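Some structures are shown below for you to check.
Here come two complexes built around subunit A, the first alongside subunit B, the second alongside subunit C.
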Partner chain A sequence: MKKIFLTSLLSILFISISYAQDAAEADRLVGVWEPSHGKAKVKIDKIGEKYYGKIVWLKIPVDPETGEAKVDKNNPDEKLRSTPLRGYRILKDFVYTGKNEWTEGTIYDPENGNTYSCTIKMTDENTLDIRGYIGVSALGRTDVWKRLKMPPKKK
Partner chain B sequence: MNTSNLFKLNLFLIALGLLLLGACGPKIEKTVQINTEATAMGPFFAGPNSFIAEYEVDLSSIEGLEGVSKEQLKSIGINSIKVTLREADSLTFDSFHSASLQLVGANTGMQSIAIKNPISSDNQETALDVSEEADIVDYFKNGKISFVLDLDFVDDSYADELGAIIELDLTVKHK
Partner chain C sequence: MNNSKSILLLIVSFLLSSAALFAQTDTTQTQEEEDYSIYDDLEFVDESAKRFASVKVSGKSPDKLISVGYDFQGSYDMDADAFGAFEESTQKINSTHGFRFGANIPVISKNNIIIQAGLIYWNYQYEFDQPNTISHPLHQTLNDNGLNTIDAAVTIYKPYNETSFFLARIAAGTSGDYAFGDFQPMKYNRYSVALLWGKKPNDYTQWAVGISRTYRAGELNYLPVIMYNWTSTNRKWGVETLFPARGDVRYNFSPRSMLFAGFDLEGTSFRIGNDNELEQPYNDLEIRRSELRFRLKYERQLIGFIWISAKVGYRYDYSFNVDRVKNGEDFFRGFFGDQEYVMENSLTNPLFFNFSINLVSP
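For the complex of A and B:
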C-alpha cells in the first residue's frame, strides 16, 4: 500500500515538473519582436493557453492620407475598419507543439487585409522564423523576426 | 422492380424525408442579453491594455434560453454591445482613445466583434460599433468564452486593478 502511494506521488510530481517545463519552454515566445521590414514592433502575450501578438509600435503611426493614427482600413469587415493598427492583434491562436514550434495560428497582413495560416519556429532565443502560407506550408513565405532587447537599466 | 428493391427504395425515401425535415425544421429566434465583468491588473501604460473576462456558458441561466441545449443552437448574431466602467474605479471613457472587443474559445480562434474609435463618451459607459457579419454560435457551443477588451489608454495609470462590465444584446436562432 505504501509502495503504491509512493509511486503515485512520484508520478504526480513527475507530471507536474514536465508540465511546468513545457509551459516555461512555450512562454519563451512572450516578448517584443521586430519583423525584418522594421516598420512595426509586435508584442507576443499569452491569453489562456494560446499566444497572441499585437502591434505596439509603428515606424509611421500616422496615415499620410488622413493625418490621423493608422487604422485597419483593409479589414474585410467594413464595420471594423476603424480599429487602430497600434494595438491590433496580427498573430492569433498559436499553440506550442514542442521542438521550438508554435502552430495552428494565423497572421494578418494589414497592408492587404488578408489572413494567412502561420507557424512560428524559434531558431535561437532571439530569432523567430515566421512562416505565413495559404493551404500547405510549402506555399508560403518566411520572415525573420528579432527579439527586441531592452536597454540596460541605468544605475 | 422486385419486393426487396422496393423496400430499399422506400427506406431510402423515408431517410431522405427525415433528413430534409431535420434540416428545414422550424427555427426559433430570440433576443437575449448577457453580461460579464472584464478585469485587468495594473500598472497600465499609455497604449492598448487588455481586460479579460472568463465567461462560462450556461444556457439555462440566460433568460429566454432556459431548456435550450447547446446542440440546438443554430446561429448567434450581435445587435449591440455596451461597456460600462466599474463605478468604484472612478474612471470615465475620456481616459481612452479607443476600445475593441474580441472573443476567444477553447477550440475556437480569436474573433474581433466590436470597435469604438474614437471614443466620444466622457461618462462611464459607451456603446461599441458591432460587426454585423459575426456569428458567434461556435463560442457558445464550446462552453467557455474569454472576452478580451482592449482599452487604449491616453496616459499611464497606476491603479492596481480596473474593471468593466460588458453587456451584449444577441439574436439567438435555435431549433
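For the complex of A and C:
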C-alpha cells in the first residue's frame, strides 16, 4: 500500500511539475505588445487555459469624424458597432501547442471588420510573428509584434 | 484504507484545481474597469527594435491574392496597314474577349520586408464579323490564334524606418499568338522593372516616385512612376494611383463596398508566330498593343474574403502597330525615336466590361 501511495504521489508531483513548466513556457505570451503599424498596443492575458489579447492603447483614440472615442464601427454585426475599441478583444482562443507556437485562435481587424484564423509564433522572447490567414496558412500575412515593457504596478 | 483515502483526496483536489484553471470566460469587450493611461508611454523591451512604415493605407481597397475574371470588348473596326504584297484592309470585329487569371501571394511578410510572387494569364479571342473575307495576315492570325500573355513578377516592399520605404517590381512576360503546349522561345520574353522610393507620413497617405522599364505603352519605354494613395479622415473618399498604369478616385460606401472612377493603361508587345495558313515571310513581328481604359469600377465583399469586381467603360486604342524585332532583340524607340513601324494599324474604340471574383488579402 505504501508503495502505491509513493508511486501515486511521485506521479502527481511529476505531472504537476511538467504542467507548471508547460504553463510557464506558454505564459511567456502574456504581456503588452505593439503591432507593426504602431497604431495600437495589445495586452495579452491568460483566461483559463487560453490566451486573449485586447487593445489597451490607440495612437489616435478619438474618431476624427465624431469627436468621440473610437468604436468598432466597421464590425459586420451592427449590434457591436458602438463597442469601444479600447478594451476590445482582438485576439481570441489561443492555445499553446509547444515549440513556441500558439494556435487555434483568431485575430480581428477593426480596420475592415474581418476576423481571420491566426497562429502566433514567438521568434524570440520579445518578438511575435502573428500570421492571419484565410483557410490555409499560405494565404495570409505575417505581422511582427514587439514586446513592450510592462507598466508599473499600481501601489 | 487511510492511505487510499489520502490518495483519493489528493487526486480529487488536484483535479479540482486543474478544473478551476481550465474554466474560462470570453466576451469581445472586456468587462473590468482599467486605467488605460498606464499604457501611454511604454518602451520596447528590446531597445534595438525599430518601427517600420506599414504597407497598408487606411480605407484602401484590399489587395487581391487570387483573381479569376472575364474581359469583354464590344464591336469595333480594325484597320490593318499595307504589308508586303498585302493591301490595307479593314475588318469588323464583333468582340474581343477572354479569361483572366491573376495571383499575388506573399512569400515573405515581415515588418521590415514584404516579398510577393505574382502570376497573371490573360487571353484575347478575336471574333471577326466575316472571317471568310479575311485577306490580311494580321487579321488572319488574330482570328486563328488570338493572343495570350503570361507574366511572372516579384514585388519587394522594403521600409527602412517609420515613414520611408523602397518598392521594386521585376517581371518577365511571354506574350504572343502562341498556344499552350507550344510556347515561344525564351528569347521573346519581355522584362519590366519599376523602382520607387516613397514616404508614408500617416495612416491615410502614401506616396512614392520612381522610374520604370515598361511595355505598358506597347513597346519598350522608360517612364516615370508616381504612386499616390490617400484616404480622407472620414474614410469616405480616396485616391489610388500608380501612374501610368492606373489611377482612381475612390468612394467608400463602407469598408466592404467601394466605387472607383479612373483608368487603366494595359499593354505589352505580342510576338506573331509563323503558324498561320498564309505562310508569308513575316518572321519576328511584334504587335505593340496598348490601350487606355476609362472606366467605373465597383468592388464589394461577396462573402468572407471573397470579393467581386465589376468594371465598365470605354477602351481607347493607344497602339496596335507592328514592329520587326529581329531574333527577339528588342530596341528602344521611346516617344521621339524615328524607327518606322512595319504596320501602322488603327482601331476604333468600343465599350468594354470586366468581371472578376477575387480572394482578398488579410
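The definition used in the following text is that the second predicted complex is superposed on the first by the 145 of 155 C-alpha atoms of A that agree within 3 Å, B and C clash if a C-alpha of one lies under 4 Å from a C-alpha of the other, contacts with A are read in each partner's own complex, and residues count from 1 in each chain.
Everything below uses one rule, namely that a contact is a pair of C-beta atoms (placed from the backbone, for glycine too) under 8 Å apart; a residue touches a chain by one contact, two chains touch by 3 or more.
Nothing here was measured: the structure is a model prediction, and the numbers come from that model.
Enquirer: If you stack the two complexes on chain A, which partner ends up touching A:G48: first (subunit B), second (subunit C), both, or neither?
Expert: A:G48: touches subunit B and subunit C.
Enquirer: Could you figure out whether subunit B or subunit C reaches more residues of subunit A?
Expert: C
Enquirer: Tell me the contact category for A:R89 with respect to subunit B and subunit C: first, second, both or neither.
Expert: both
Enquirer: Could you tell me if A:L139 is touching subunit B, subunit C, both of them or neither one (first, second, both, neither)?
Expert: A:L139 contacts subunit C only, not subunit B.
Enquirer: Going by the contact rule set out at the top, does A:T106 touch subunit B (first), subunit C (second), both, or neither?
Expert: First partner only, subunit B.
Enquirer: Answer with first, second, both or neither: which of subunit B and subunit C does A:K79 touch in the superposed model?
Expert: Touch status of A:K79: first partner only.
Enquirer: So which bits of subunit A does subunit B touch that subunit C touches too?
Expert: 47-48, 50, 52, 54, 56, 80, 83-84, 86-87, 89, 92-93
Enquirer: For a test of understanding, state which residues of subunit C touch subunit A in their complex under the given definition.
Expert: My answer: residues 3-4, 6-7, 10-11, 14, 18, 21-30, 34-36, 38-40, 42-46, 49, 51-52, 54, 56, 58, 62, 65-66, 105-106, 109-112, 162, 203, 233-235, 254-256, 304-305, 359, 361-362.
Enquirer: Using the touch definition up top, name the residues of subunit A that touch subunit C in the complex.
Expert: 1-2, 4-5, 8-9, 12, 16, 19, 32, 34, 36-39, 41, 43, 47-50, 52, 54, 56-57, 64-65, 74, 76, 80, 83-84, 86-89, 92-93, 109, 111-114, 116, 125-127, 129, 132-134, 138-144, 146-152, 154
Enquirer: If we count contacts the way the header does, which residues on subunit A are in touch with subunit B in the complex?
Expert: These residues of subunit A touch subunit B: 45, 47-48, 50, 52, 54, 56, 69, 71, 77, 79-80, 82-84, 86-87, 89, 92-93, 106.
Enquirer: For a test of understanding, state which residues of subunit B touch subunit A in their complex under the given definition.
Expert: 47-48, 50, 52, 97-98, 100, 102, 104, 106, 109-110, 112, 115, 117, 129-134, 146, 148, 150, 152
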